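Just passing along the structure, written as structure tokens.
Letters are used for the chains, namely A, B, C, D, E and F, taken in the order the chains are written, and counting of residues starts over at 1 for each.
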Amino acid sequence: MGWLKSAAIVLLSLTPSVLWAEDTLDKGDTAWMLTSTVLVLFMTLPGLALFYAGLVRGKNVLTVLMQCFAIACCASLLWVAFGYSLALTDGGSMNKFIGGTADFFLASVTQDSLSGTYPTTVFVMFQMTFAIITPALIIGGFAERTRFSSMLLFSMLWLLFVYVPVCHWVWGGGWLADMGFMDFAGGAVVHINAGVAALVAAIVIGKRRGFPQQAMPPHNLTMTFTGACMLWVGWFGFNAGSALAADGAAGMAMLVTHLGAASGSIAWALVEWIRHGKPSVLGIVTGMVAGLGTITPASGFVGPMGAIIIGLSAGVVCYFATQMIKQRFHIDDSLDVFPVHGVGGLLGTLMTAFFASASLGGMGLAEGQTMGGQFVVQVIGVVATFVYSGVMSYVLLKVSGIAGSLRMDVDEETEGLDIVLHDERGYDL
Amino acid sequence: MKMVTAIIKPFRLDDVRDALSEIGVKGMTVTEVKGFGRQKGHTELYRGAEYVVDLIPKVKIEVAVSSDILDQVVEVICGAARTEKIGDGKLFVSDLEKIVRIRTGEVDDDAI
Amino acid sequence: MGWLKSAAIVLLSLTPSVLWAEDTLDKGDTAWMLTSTVLVLFMTLPGLALFYAGLVRGKNVLTVLMQCFAIACCASLLWVAFGYSLALTDGGSMNKFIGGTADFFLASVTQDSLSGTYPTTVFVMFQMTFAIITPALIIGGFAERTRFSSMLLFSMLWLLFVYVPVCHWVWGGGWLADMGFMDFAGGAVVHINAGVAALVAAIVIGKRRGFPQQAMPPHNLTMTFTGACMLWVGWFGFNAGSALAADGAAGMAMLVTHLGAASGSIAWALVEWIRHGKPSVLGIVTGMVAGLGTITPASGFVGPMGAIIIGLSAGVVCYFATQMIKQRFHIDDSLDVFPVHGVGGLLGTLMTAFFASASLGGMGLAEGQTMGGQFVVQVIGVVATFVYSGVMSYVLLKVSGIAGSLRMDVDEETEGLDIVLHDERGYDL
Amino acid sequence: MGWLKSAAIVLLSLTPSVLWAEDTLDKGDTAWMLTSTVLVLFMTLPGLALFYAGLVRGKNVLTVLMQCFAIACCASLLWVAFGYSLALTDGGSMNKFIGGTADFFLASVTQDSLSGTYPTTVFVMFQMTFAIITPALIIGGFAERTRFSSMLLFSMLWLLFVYVPVCHWVWGGGWLADMGFMDFAGGAVVHINAGVAALVAAIVIGKRRGFPQQAMPPHNLTMTFTGACMLWVGWFGFNAGSALAADGAAGMAMLVTHLGAASGSIAWALVEWIRHGKPSVLGIVTGMVAGLGTITPASGFVGPMGAIIIGLSAGVVCYFATQMIKQRFHIDDSLDVFPVHGVGGLLGTLMTAFFASASLGGMGLAEGQTMGGQFVVQVIGVVATFVYSGVMSYVLLKVSGIAGSLRMDVDEETEGLDIVLHDERGYDL
Amino acid sequence: MKMVTAIIKPFRLDDVRDALSEIGVKGMTVTEVKGFGRQKGHTELYRGAEYVVDLIPKVKIEVAVSSDILDQVVEVICGAARTEKIGDGKLFVSDLEKIVRIRTGEVDDDAI
Amino acid sequence: MKMVTAIIKPFRLDDVRDALSEIGVKGMTVTEVKGFGRQKGHTELYRGAEYVVDLIPKVKIEVAVSSDILDQVVEVICGAARTEKIGDGKLFVSDLEKIVRIRTGEVDDDAI
């Protein structure tokens, strides 16, 4: 979501007749944005769904798939109805905080509308895939114990009241964009936002029966591996697509994204190798996700060497964060969403202040900005996202729990949610 | 008639089957089981969550035999299954009151 | 396959020297068409193959994979040899019914040939992926009981004698194109066509041993889920690729396709929730396929709100169609090809007449055409496809059964077709 | 890697200021190259990983996934650090044998650097995906018995000392390029190279305990099937991406690639059908891989009919090669890397000399070159790759075995490598 | 009390269960096993590597019964499982010294 | 020597194993089985096709014990497996004529 660019787009959209006058469709850019949209949807369906589903026990595998899928469907409609307009169009006097209502139900979007050099329909779709994956990431925090209906209600409320405003602040011309907050493809908007929500949800909903004494090993690591690889390839749409063009910026974003993933993987595996004597498949792919989450905010701003350093840091820091949440704090963030995405997003957003600098091989800070100055801006953005997501997630969880308990009964949990919630079993081999 | 039930290491199954065939025992039933005993299991580790697996994959074979070849069968199974490392397994003998071959209705020694 | 556009292409191709004079390669369009081709192949291999294979019992899983794969291979050669030429080139005096023979074995296609703004090789390939998936869809109708050799013979005969002519009528400048029949990406050509053939085949070949008393639960819903998601993302190539360009039409096609899928999923899941008390994973993904099949003919013609209405209708109508085929008529259309694809294609083709109208947010009907007038045209197209596919499929099944029985023996069916037909087992975990 | 083109690029890069003066970014080409990069990465992760992992026994499934993944990560960093520069930049006086060191750590690559019509970052990434898949292919030769650490060391040494030089000879303007050796997308560089290394490794490391008396059936053919299909679709990036543009050459490369795959599949399945009475899923997908490996060197040079002949030959020849390695020579090349990739790459590279000729429907040989003359060049290239890869692989295996045994103990092999090497199990269904 | 153990063809399980239900036997335990015997297995072939599978999927059912209905149970099971083709399986009867219903602690005939 | 065979609810396995360990019983063999009895199964629904599953996942544990600790073992297993809800399972005791430790050839009580 090219920070400068998308800020520009929003500004420009205020006076379209004048400034967009010379906008023309570029078919190369359009081809790449169409492709990127496909790739980001592929990240959630089936990528993330498989990544997560392989990690739970066999009796709950379908619940995870169902949550990802249902969120994707409902979020799509909600985005078209309200989300897009509130997040990414001009909010007039309220624009610092939220977008406008004029494009509810895409009222003004036609086949010929352009957003820069490609159709507005594609912009709506591309951004929609981000609005799909962010709430889907959260479900890892409360997997294997949550009621489907309440979960879905929570996810949709969260999308509208947490994702949409934060997205507007950063990419829609809101107050963080005004400050020059740098978040290329969603370190704060997506990863911190989802990570914090998952942490809060894990605490509010409580631990799985038996956690942490009883072992809950992944039921199918080959599924998790497959999903992880799909996340990797799909992430090129996420980050290089956020360049919003098929150009050198996209190329560099793809390169640094890839290096972030590779470095994160290697770092996590090495830490395991040193600490436990063996590297593991789950470890290396988790390091990859950590690397990707961490490079995301930086991916349009840093160079290859910066990306390697960011990726290596991600692997190490997220590894220890995972241990700490589980072993020190005994929080049952079932699939480690907070330590991987939340901490990764945070780390990457902060490191961007430094590695974006041309002196460290980056694409350069805004004119007149220093690393220190940018760091302060980054801290503000991070803290704002943390606090807003934390508080609002808590409130929305409580609201969602009013109609029916968020939490399944003990017996239902023991039997397995696939049968209890969906009358189906994952496997009958 | 006796039922000989042996819990053995899975990779010895082929050897046991071959050994039994050699002495003319041509039928048996095999079940995948998990065993718990002296033999140590292994540790699994998933993102730092450690998980000690002490249920070890074993194979259970059940062979119905007429009493006269019981001793030979026991010996042959033990011989073929033995690796002399902990976890080789156990063999149990129990009495059978009746055997029926379902296809034909033949009973007892004829049914084996 | 942009109805107006492809009709135009065919017309134009009659006098290439004059009218194509100014044709030039557009690399953006070419990039998107290459990508779309990849996506549509991905829909069949592995998408549809996994979607279907997860639904059968474990002892027949490989048979389904094998059928999809073998069809893909043989259809590719057949398409290059005869199919392309007969379906999509000018048939001279016979053009109302069938294309020409001049491009058998792609005789006149060179590296530099263009079809509009992109290479003819890409047009051949893109269209080939449709010729692959259509017969592959049919196999769901007679899964778990059909002999491989006869099945393959039938599929290839069907491709040549059913798919190719219908494709020509609609997209090759045949009589339905002349009438102004609107089928953007294959509601009739692909979905009705395959759905009807599957129904006929299910009846001719007969029920699986034990149907419907004995339960035949899906052996691996995670596989079906994975395949379903691949279908979703691949379908963007199918529909948005049918715009034949990387432009606003492709963007809008992608948007409405996505909304059709999301709405179909939600509708089906809601019906289940209301009628059975629980939504299911298999239900929601089936609704997605129904939504996609239904939006397909409409995808270049309708706007976002039309797409949502079409998708919601698809979920509800196809749900009840599925119940009816199974419970009322006791037809063993094993994987519900007819109620999902046949009925969905029918519904979407008819609804196109209305929602394509600019007054209902669509891209507009042909000049001077009314909704009513268009509806009549759509009915004619649907009926023609129904009758032609129905009758011809019946004949070809009888022909294919001559050499050897289409149907496996009872004992073979009990043992499982993987071992009997292929000397392999799917799993040895 | 369009032979002529990339040779040209390398030549040109010597005097960039003059000759590249008019280079401009083409966004259509860039879009396609970005997409192709994604596709080729997808081939390895998860494509090849799943293809291979399904073929081993369940107790070793994770080892295979881990090897592919770890190789991908480490190769990426190594490529950026040294590989790219040594393989694909000008080596000055040594250029016949190896590239330069000036671009170690991509020293001169910026966001705006172009390689022809698309960003250099994309060229680096696209080529990186080839450097990833080639060592990953090799692991099939020694699956189920090799120590992870030694394997990784060997793979990285091999990448640097075998892949990089051979890549330079052929695509980096080295001596084989000078001779006019034709290898469009990697018949020698990738497939022969990896195939020979796998054969040598299989021999050096020795047979699996129990081979060949004891059966070692694939544990999950559905996984292998899924991976195979991913290879097929990803291969379009491999071959059509090697046109380095979104144009007619890419279109033709895609078409012939597809036909090679389809023909290879059909041929292998037919041979099985004739010899064993039944075609198999594993057979047909293996034929597909053989077809693809064989068409790879030819994919930018031959026409559709040439592709079909090449594909059919691949299916038959690689089938018999597989039988011979296993049954005649009793070599435990576990996943048949040599007979499929090595023999296929060889066959395709040689056949290119004929079918590239315009008289056989190809795109034409270099001016003044005859089939016979080209055949001699092709033989030289093949022999050079064979000998170099064979000797060097042997040496590097010995070197890698110094620190610790390459080979696992018998007891570890019996227990299964997933537990022994990674403290994990693939499935806990 | 007796334990009746029968090894049968998997697709006959429903028939056997229904037949037992009809005579009032409402409890049993089912295990997936593999059988080795006279019945031929099949051949699998992977890229030319042949693999003879002679362990055939069977189902084992175990039914504890009081001695007085033993004969009836044996007859019913054999009747329902019989296809008259090789591989129909075997039935074994052995003695049980005690049965406990875990939920209530009831023992022997009351526990069945 | 006796063989104690118990069919229990799967999630009680750990409790039973721990309870047995406490009284010094360190070996057992575990099999995944399916049970049919009073306990109701569940319904599965696939695109409107209903499917009643009344074979419920259970775990079978087999423990060979010397006769003198039989009662204690029975008591301990029942205690640890009991949830007091339908489907807790059954426990069977049968006689063993011989036990062999395959590794060493030790027999009977020494072999346990």
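Everything that follows uses one rule, which is that contacts are C-beta pairs under 8 Å (C-beta built on N, C-alpha and C of every residue); 3 or more make two chains touch, one makes a residue touch a chain.
Predicted model only: the values in this text are computed from it and were never measured.
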item	value
Shortest chain-hopping distance from subunit A out to subunit E	2
Reaching subunit D from subunit B through chains that touch each other, fewest steps	1
Chain copies touching (subunit C, subunit D) - same or different residues, decided at half shared	different
Contact-richer chain pair [A-F vs E-F]	E-F
Duplicate of the B-D contact set - from C-F, A-F or D-E, the pair where over half of the pairs recur	A-F
For subunit B paired with subunit C, centre-to-centre distance based on mean C-alpha positions, whole Å	53
Subunit A and subunit D, separation of their C-alpha mean positions in angstrom	34
Subunit C: positions in contact with at least two other chains	26-29, 31-32, 35, 217-218, 220, 226, 246, 276, 278, 280, 282, 423-425, 427, 429
Multi-partner residues of subunit F (at least 2 other chains)	31, 44-46, 94-95
Contacting chain pairs - touch in the sense defined above	A-B, A-C, A-D, A-F, B-D, B-E, B-F, C-D, C-E, C-F, D-E, E-F
Contact footprint of subunit E on subunit B as seen in their complex	3, 17, 26-31, 64, 94-103, 105, 111-112
Subunit D - residues contacting subunit E, complex	212, 215-218, 276, 278, 280, 282-283, 286, 322-323, 326-327, 336
In the complex, subunit B residues that touch subunit D	11, 14, 42-46
Sites on subunit F touched by subunit E in the complex	2, 6-8, 31-38, 55, 58, 60, 74, 77-78, 81-95
In the complex with subunit A, residue positions of subunit C that touch it	26-29, 31-32, 35, 39, 57-58, 217-222, 225-226, 229-230, 232-233, 236-237, 240, 245-252, 254-255, 258-259, 261-263, 265-266, 269, 276, 278-282, 284-285, 288, 304-305, 308, 363, 427, 429
